[in-house]
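Look at the two complexes coming up: chain A is in both, with chain B in one and chain C in the other.
Up next is the complex of A and B:
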């Protein structure tokens, strides 16, 4: 059986692509990023249940685009440019000057809203690709010790969303079987409350399962180390506050400023590291980080770097003006195409 | 009124206060800086805070977790954080509708201020990972959301309709203050705007304060006000059922029940 890649490599790859997507509003580049993730997911995904997350995130992305376009048309109308059509407009009082409802909808205004929405959707699709490719349970192992508990909570939050979607579908089916309509505000409430209750119930079950497996247990920390951690953290934070005061007050001695801030930050970081020792966890079947992981993670980082460097150099094409046809800038496009490496790697290894 | 799902001890409370103090400085430094301070002239100053805040946040979260957080709190944190994060993309920046806050207000109210702080941070972080929100503004947003959850847990006792009204009022105030603080954090970054409303390093407090208020009115009062109203309405409408559901879950989880082994062997 072929070995699975380290989930961190997939997240690095996907977050690299997502970072690249946030740096641009060029629809061609964004569609290219989406196509690359789709190709890699199609080539590398497994038969696990979470591998279906990609299609779900694709649909969520579509919904985001539609919702943003509608809101853009209704709330951000009256942008300068070619008028497409005119909505009935309501002028709100002057103290609500930020909100305009209705009015002429311009092609440029819609293009700005659409590009922005496409960027958001592309980032969602990248996250969906990571969700589909990386085993979420394996990611739990990679959180640093001091942030272990919070890291677990974040991972639970990130992985709960697909389950909530499944649950929404189940509740809606149950309501339909009872012959109740699934439209309108009251139906929404009939849908939302069981989903929330189910989520809370499942969290209690999850907690029981975690308790039974020893999550949240900490090692016995020697009193001396505990005190050292507290001293480092609190002393470091005090020094940071003093350093900030020194930087903000012109009359304060120079030694109170930057040196205090830096030493305080170092102390706090050391305390963070020392505090991580309270959760010494051995790893059962640790995921290795070898050449395929380097290639996968590195290709995502290259895509992000190419896009960022292009942006910093001030080259055109990353943010096309609405109303003109966008071009495809070569360097960012090449960077995004490098992120196809995991799919090629898969082809070579089989 | 509720349980304390995550207890704040002296040590974690002190760390939290110090981090909040430094965080407040990170938001308000353009107003606090005095003439002659070197930070005022430095273009690196805003970025210094962007680099500093993640470390401070990590320390605060680690300290709260160190003070005692069990698997039940982690699981509830994850689930409620997911609800908040899933709601965030439904909102739109156009008019500042932010449906996430009602989860923080209710969660902090029922499960205590320590939990509220963590909930704000987890929900904001998870939602930033899902939406295109990862950027230099993320530490500011996490700190702001954590404060929203924390202070929701500090509200006085009340019951029934009084409680819902209090929570709705708090939601409005919190949403409004959140918008102002985010603007204040953003303000030094926005250099190229009309000079009459942008940040002037080293100018007297009254001058800069006036310019900031003008900046805020010009850019986002139209966002802040509808957001505050929308949050209050959402908190009031969802108040009763959501509070009931959360309290039922908190009761089932039995957060403050002492658990341990009996010493008697006979």
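Up next is the complex of A and C:
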């Protein structure tokens, strides 16, 4: 049986590609990113129910593009250029001077809107790929021990939604069986009570089952250590916030930037590690992080790096002018193609 | 292993358990029996401390498991010695994949990874789950889910396994799978198993000892199964038969009874033809009983049912005898004198032709033909997921047929508005509580009258008939399972549908409540209603159904008089049928009558 890759590797890969996508409006590059995710998903996805997520995100992406184009044509101020067609326009009162409804639509204006929408859609598609390749709940299993309880809560909440949908359907059926219409506000109100009751019932049952199976067993921890843990985590997170602020705000003193961020991260990590020792839990078959994970995660990061570096160097091609045909800059394109590595890896291993 | 030392449990002033004093030995398979509401679940949950740590209430006395007092050990501290599987195994699932579910308990206990790995593999093999290891829990069938739930508590190597109604939601074959697994655990691993079950006929022959909860304030009795069964007010057919025939020792399994029954079988074979031992089986016997039962109680149910403004004219009192004829013929001919047949013209309660139902890529039903005549009681049987519920749902218009034709009382259900549909067919769903919303019984009944457009008090009168003497101010959730089913049935009957559909009606019912249900169904049939029940309960089918339809993989594979269909099937034959095969008797009552004839 083929080993599943660590979910973290897939998310790293997908977020790398998403980062790359945010750095450009070049439609060729964006389509390349989309094609790469599609190829890898097709090659590597499993038969699990969540593997269908990709198709759903793809459709959402298309909707985003269409909506953005329509809005761009109707409302946005048009870039000067070739007029394609003219929409009937509405004359607005003077206090709405900045807003435009209808009027001439230029090819350039549509191109700007389209590139922008394509970028957003590509980011969405990257996230969809991550969802299809690694269920978010599996990612949660890799959180540090101290955050385990939070992880379980999220997993339980996620299994809850489909159950609630089933129950809503049951209750609606029951309404029909009693000869009531299942539409309208009153039906909605009659629906709410039984569904809420059912949800409560189920959570109580689940809590009992989890308790009976040893959830929440804790090891004895000295009070001093518990306090140290709390102080480290809280202090660390505060420092991280301050550090981020320092980095993002150019006017802040330099000491507030990187050094603060690093020391804060170290503190928080130490706190989480200490806190994790309070719980005696062990982990069943933790996903290993080996060469395939390095390759997968690394290829995503390379794609992001290639795009970012090109952008910083000020090279042409990442933001093509709307009037001209976009070219394909070689370095970013190569970077994106590297992200095909997981699909190749899959081919080699089988 | 498990010790209850003078245990009393009160919940908000109501005593639930009184003076429980018993000891369950290591390696014992102990069956907890008793009527609904006698505290079986409470007793089970006291073993691992869920009572009172989780539920609240006041527990006096002492419960010790493997030397640990539950007073000092909350459930999570007992997780390594007691494995607990609740009534609905799916409600207790924490993860989403079989293999991870099996490992969850061990992760909580902090076992080393290599031990976890080994035990998961062992458990997968032990319970026959190896093929399911990567399956999402949501896709499992009932029997598989139950086995995964058992497996998930076994991986921690508990000394005691506690199961609350492990087979009541399962089809006969799935139930046997689970029980065979349990027996293997007791025999091979020396596990102590405590389980509660209403369907005693499924488990009583496996149990070493029994705890019987009398429920009237007296303390429970604990002893060897045969000794307890001799006295028990709840007893499976095989035991009732043993008592009737005066066999000693009392047989607990079909095999024992079959050996003891040889002389009796001889007598039944020679019994005179007018007796129910005639080849028509219960189809011949049922009308006989209906004829006896209904006239002695001059159609009080139909009076209540017909007192509404839209009642069709016609003498309901004349129905029972005719009904007997219709049922025994089992053909799709509407008796001309039936009041409902006349009111609705030539429309049969239901006729289904080449029905096909698809859910996305899955075909639930294919090429199903079925016609239902008034006064008929049809049992739909088949595996979990065979398509029984889909057929019932199609008959009330909850699903749209993908092909073929469904006519109920002459209308197509899925195109008929709910308000009209309730006058043609009524369905009591698997979870009867789904139908009930109101805060009190009285409010529920009033709402039903309004919903169905019936005269005020119709529903309450029906409910009084089905379950006499229930306090009007009770919340429907506080009723017993049997009462709740009766209330749901009353709500449905308020619309006076000629076709009454029951989905798995005996789930959670004790023998008394089941006996009452059998009477109610017979009265409905006598009153000219056609009744269709989807059920796994072979004993109920033997008691009440005139015709049995077996569904498999979405197709009808058998359709005929109950006696003929059921006797030939190893899975669907009732205990008495198995004991006397090839003599076609199915219930203890039939044996009793046959003996009085012979």
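Just so it is clear, the second predicted complex is superposed on the first by the 206 of 350 C-alpha atoms of A that agree within 3 Å, B and C clash if a C-alpha of one lies under 4 Å from a C-alpha of the other, contacts with A are read in each partner's own complex, and residues count from 1 in each chain.
Assume a residue touches a chain if its C-beta (ideal position, glycine included) is under 8 Å from a C-beta of that chain, and two chains touch if they have at least 3 such contacts.
The structure displayed is predicted, hence computed values, not measured ones.
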Is A:280 touching anything from chain B or chain C once the two structures are fitted on A? First, second, both or neither.
second
Could you look at A:29 and tell me whether it touches chain B, chain C, both or neither (first, second, both, neither)?
neither
Contact breadth on chain A, by residue count: chain C or chain B
B
Taking the superposition on A as described, I'd like to know which of chain B and chain C A:210 touches: first, second, both or neither.
both
Tell me which partner A:53 touches in the superposition: chain B (first), chain C (second), both or neither.
neither
State whether A:20 touches chain B only (first), chain C only (second), both chains, or neither.
neither
Check whether A:200 is in contact with chain B, with chain C, with both or with neither, and answer first, second, both or neither.
first
With both complexes superposed on chain A, which partner does A:170 reach: first (chain B), second (chain C), both or neither?
second
Would you sort A:119 into first (chain B), second (chain C), both or neither based on which partner it touches?
first
Could you tell me if A:181 is touching chain B, chain C, both of them or neither one (first, second, both, neither)?
second
State which residues of chain A lie in both footprints, the one left by chain B and the one left by chain C.
152, 155-156, 193, 202, 206-208, 210-211, 215-216
List of chain A residues in touch with chain C within their complex
48-49, 135, 137, 152, 155-156, 159, 162, 170-171, 173-182, 190, 193-194, 202, 205-217, 280-286
Of chain B, residues touching chain A in the complex
11, 14-15, 18-19, 21-22, 25, 29, 32-39, 52, 55-56, 58-59, 61-63, 65-66, 69-72, 74-79, 81-83, 85-86, 89-90, 92, 94-96, 118, 121-123, 125-126, 129-132, 134-135, 220-223, 225-226, 241-242, 245-246, 248-249, 252-253
Where on chain C does chain A make contact in their complex?
48, 50, 53-54, 74-80, 82, 84, 86, 88, 91-96, 99-100, 103-113, 116-117, 120, 136, 138, 152-153, 156, 393, 396-398, 417-419, 421-422, 426-427, 429, 431, 434-435, 437, 448, 451-452, 491-492, 495
Sort out for me which residues of chain A touch chain B in the complex.
15, 18-19, 21-22, 60, 64, 67-68, 71-72, 75-76, 95-99, 119-120, 123-124, 127, 146-150, 152-158, 160-161, 164, 189, 193, 196-197, 199-204, 206-208, 210-211, 215-216, 229-230, 233-234, 236-238, 240-241, 244-245, 247-252, 257, 261, 265, 268-269, 271-272, 275-276, 278
